[in-house]
Amino acid sequence: MPHARILIRPKAGILDPQGVAVEQALPQLGFQPAENVRIGRLVELDVADATELEAICDKLLANPLIEDYEIQVDA
Amino acid sequence: MPHARILIRPKAGILDPQGVAVEQALPQLGFQPAENVRIGRLVELDVADATELEAICDKLLANPLIEDYEIQVDA
Amino acid sequence: MRVGVVQFPGSCDEVDALLAAERAVGAGNAELLWHRDRDLKGVDAVVVPGGFSYGDYLRAGAIAALSPAMESVAAFARDGGPVLGICNGFQVLCEAGLLPGTMLMNVGRRFVFRQVELDVVAADTAWTRATRRGQLLSIPAKHQTGRWYAPDETVERLVADDQVVFRYAAGDNYNGSSDGIAGVCNAARNVVGLMPHPEHAVDPLTGSADGLLLFRSPLEAAGVA
Amino acid sequence: MSPDPATTLPAPRELAPGIVPVGEAPGVEAAVGLGLTRDEYALVVEKLGREPVQVELAMFSLMWSEHCAYKHSKLLLKTLPTEGPALVLGPGENAGAVDVGDGWTVAFKVESHNHPSAVEPFQGAATGVGGILRDIFALGARPIAVLDALRFGEVEDSDRSRFLLDGAVRGIGHYGNSIGVPNIGGDVYFEGPYETNCLVNAMALGLLRQEKLMLSAATGVGNVVVLFGASTGRDGIGGASVLASAELGEDDADKRPTVQVGDPFEEAKLVECTLELLDKGLLESVQDLGAAGLTSSASEMASKGEVGLDLDVALVPRREAGLEPFEVMVSESQERMLCVVTPDRVDEVIAITDKWDVHGTAIGVVTDSRRFRVYDGDALVGDMPVPALVDDCPLYEIHPQKPAGGPAEIYPAPVARIAGGTPVRDALLALVGSANVADRRPLFEQYDPVVQSRTVRRPGQADAAVLMIPGPAGRRAVVGGLAGPTDIAALEAAEGSGPESGAPIPGVGVSIDGSGRRVAADPYTGTVWNVLECAANLACVGAEPLGLTNNLNFGNPEKPHIAWQLTESVRGLGDACRATGAPVVGGNVSLYNEGTTGPIYPTPVVGMVGKVPDVTVTAPLGFQRHGDAIALVGS
């Protein structure tokens, strides 16, 4: 079964409170400040038919109104 | 600023109820069954100093008891 | 006896914990400790309350565990001071390395509020001296990330060392915690964490007063009761 | 960090005569695209004495929308009774309020978030809760409870309705649970007419000392307008995007998110910060940013205070680059508040917003011009008379006509789920297992009903929820401030109150109801029923009604039969209020609720608050003891 990895990110312009929280925490912990911190989801799975992945993302894994996704299938 | 991507996954052997739910939902939605579905987190950020990333993961982004992480820094 | 309750941005149950502590140790003897302050104001016991510290973003309790106040709480705990972590506070103590294990998402994936029965497994910790072993306490639980987890070897060691403090009564382990464990303590038995909320069980009018026993326990240790 | 006020605070600007805002007028077709009629556009031109430029057109289209101007309902709402012995604050402010005794006031209001929830149920419902909570603490009240009224299509048959139900419930839970406000009740129905237009109404209650009540009128020429809370992004701009300049091509269209994302953590800090600012007496007035964002909150504050405002959009903190001035003015980014502060207190106010991490920024100033002037740095980009924006939208009479064929003409018959002749035993099981009758526990179990230590009767325990007022937490907040030590037990002992004293403990009962099917069958009687059901629920916990809030969820009022439903329903609401002695303290109207399958059932949701003299004697639901007598009261 092909192994696939799906990266799901908040759409540009959508509020990402988690990213903001991490961005604020880093300097408080003594790290150098970071920018553009965005927190999303990582879905990894083995699928019988990799051509279905796009439909699976649209229908189940991602919320197209607020998230973008990127599909990576292992060769 | 270098752009980095951190993939955080639930450790093998730990029950991932979200992954199980996806596995169960797929055939119900008419897709081929999938296996080993695991849901983790994706953190993307621009950092001043990429050598700090491992410490950032250990201290803040991941919990080593339950999660593994992988750091990818854009060239 | 004075009790301090740590207040993080996003704490929800800190005032409830404060009131619960006051009912147990006497009015005027509890106060809030601001997350940015290292000063614990000379309190004799610390409660890390429930809620959604720092929004629970990233991972429940992860950011709060690194706050200035928690640095002081860790030192206080190492010196043997009684520390109680409730729900999110339990998660904070685990993240801070003061208690074993960590919390995962409930097996049912949802936030669930339910009045549960807690079985007291260890009645000799700083926060359970006023209870009896085997006593059942009616206490509300409410969380989405409350499945306490530790690797099997750790669970075995905790059981052997009598560090399991509470278990869910049969049928009440809705989050799927390892071995039905609802609360644990550290090796020195002064730091206790539990998922259910004893501070919401201190008045029969609102459902139960069983939780008061926890808040009275540090008094017994101090020989005040 | 704190700036030198003399050099950096916004000050009223001199405007040379004849200066008009920069930019082209988008024109009448753009106005129609934004929802104004041609006649309304002509009226705007008349009021301005010229065609509106981009920022002005965006602002007028929002302020003159049904949502802000109540153009089709205002005349009817005027018929409702709004006076009562316990009334503290009637309709017109962020929420209404009643006196519950001992100087304690309970503020409450219900509001709908139907459309956003139909698009994205989780965020739509969550931000609905966030919005109604802001209305409450903007008055200076600490939010103490949330209730929710939900309507979906038939979940037994519809995947879509199950998805909406699941998302809405999780969203409501997420926001309320995270912010530490208990959810103490609600109702839910599953009926065909809601299939393509679900309803998500949220109600909130807040507690305050009457003397601390804060109104929203902007006052004091030269006072500074401070924005605090979340930064501003493109949330909820969708409709206004017809105004976007051409450089944003087709491809970029989907980069404009229309969904507002809620952040309960930000709001939790906002609550504490706002209440601390008010407690310290640092604000002249405060208002939340809701629908229509800065546009409506700023212009309503100016209108109530009969003043003008100069506001500089370049000073508004942004979440993303490239926002145009009109986008800043109409953005519906959540978790923001606007307050008016005297210049000498700005530093102190900003320091407190910094303490709570909800950084305040001075963005404008109160003027005596009675005009709302919008600047983008040095450029004037909008200049409108405040009364034209807020008060001059035309109000429309509606034209009711009873449908000749009765409700059957409008609504298909409900699906029969139990066939005739089914054995009683099977029929009973099917009935108790059906969506509209089944136990609601799986739903309300996703909400925290006990936080704040006030809840004496929570969902599933009685016909109405019961809260102690003020309850130990409320009393402590007032006596010593939450951060300071306070001797509650000593206070209770002195007063002879407290749990062990045996003295009565006062409280309130709250209920929310609104069967749409009943109202569809007979709008007048059905609405009376809804109010009476609320009152009866209160009676069951020993509460005497003090006031009610309502959310009128209806279809398109320009259609005669919907106009008839609305007219009859409001008549019923008024009569029932007079009969129960509970005035209307506020509410909300949600019209045009029509999906592809026609209008929703007319659904006036009623939320009622009553006073409970002693919560220690409120009876729970259900038979309590073997051998107790059972009596039926009433005829």
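Every chain is named by a letter (A, B, C and D) in the order it is written, and numbering of its residues begins at 1.
The rule is short, and it goes like this: a residue touches a chain if its C-beta (ideal position, glycine included) is under 8 Å from a C-beta of that chain, and two chains touch if they have at least 3 such contacts.
All values derive from a computational prediction rather than experimental measurement.
Taking A-D and C-D together, the pair of chains sharing more C-beta contacts is C-D.
Averaged C-alpha coordinates give centres for chain A and chain D that are 33 Å from one another.
With centres defined as mean CA coordinates, chain B is found 9 Å away from chain A.
Taking each chain's centre as the average of its CA atoms, chain C and chain D sit 36 Å apart. The set of chain A residues touching two or more other chains comprises 17, 21-22, 25, 29, 39. Residue numbers of chain C whose C-beta contacts span two or more other chains: 54-55, 57-58, 63, 66.
Chain D has residues 263, 265-266, 357 in contact with two or more other chains. Contacting chain pairs (ordered by label): A-B, A-C, A-D, B-C, C-D. Within the complex formed with chain A, the chain B residues making contact are 1, 3, 7-9, 19, 22, 25-26, 29, 31-49, 52, 55-56, 59-61. The part of chain C that touches chain A in the complex is made up of residues 54-55, 57-58, 63, 66. Across the complex, chain D meets chain C through its residues 170, 173-174, 177-180, 263-266, 268-269, 356-357, 445-456, 468, 472-473, 476-477, 482-491, 499, 505, 615-616. On chain C, the positions that touch chain D within their shared complex are 9-13, 15-16, 18-19, 22-23, 26-32, 34, 51-52, 54-57, 110-114, 140, 142, 197, 199-200, 202-207. Residues of chain A touching chain C in their complex: 17-18, 21-22, 25, 28-29, 39.
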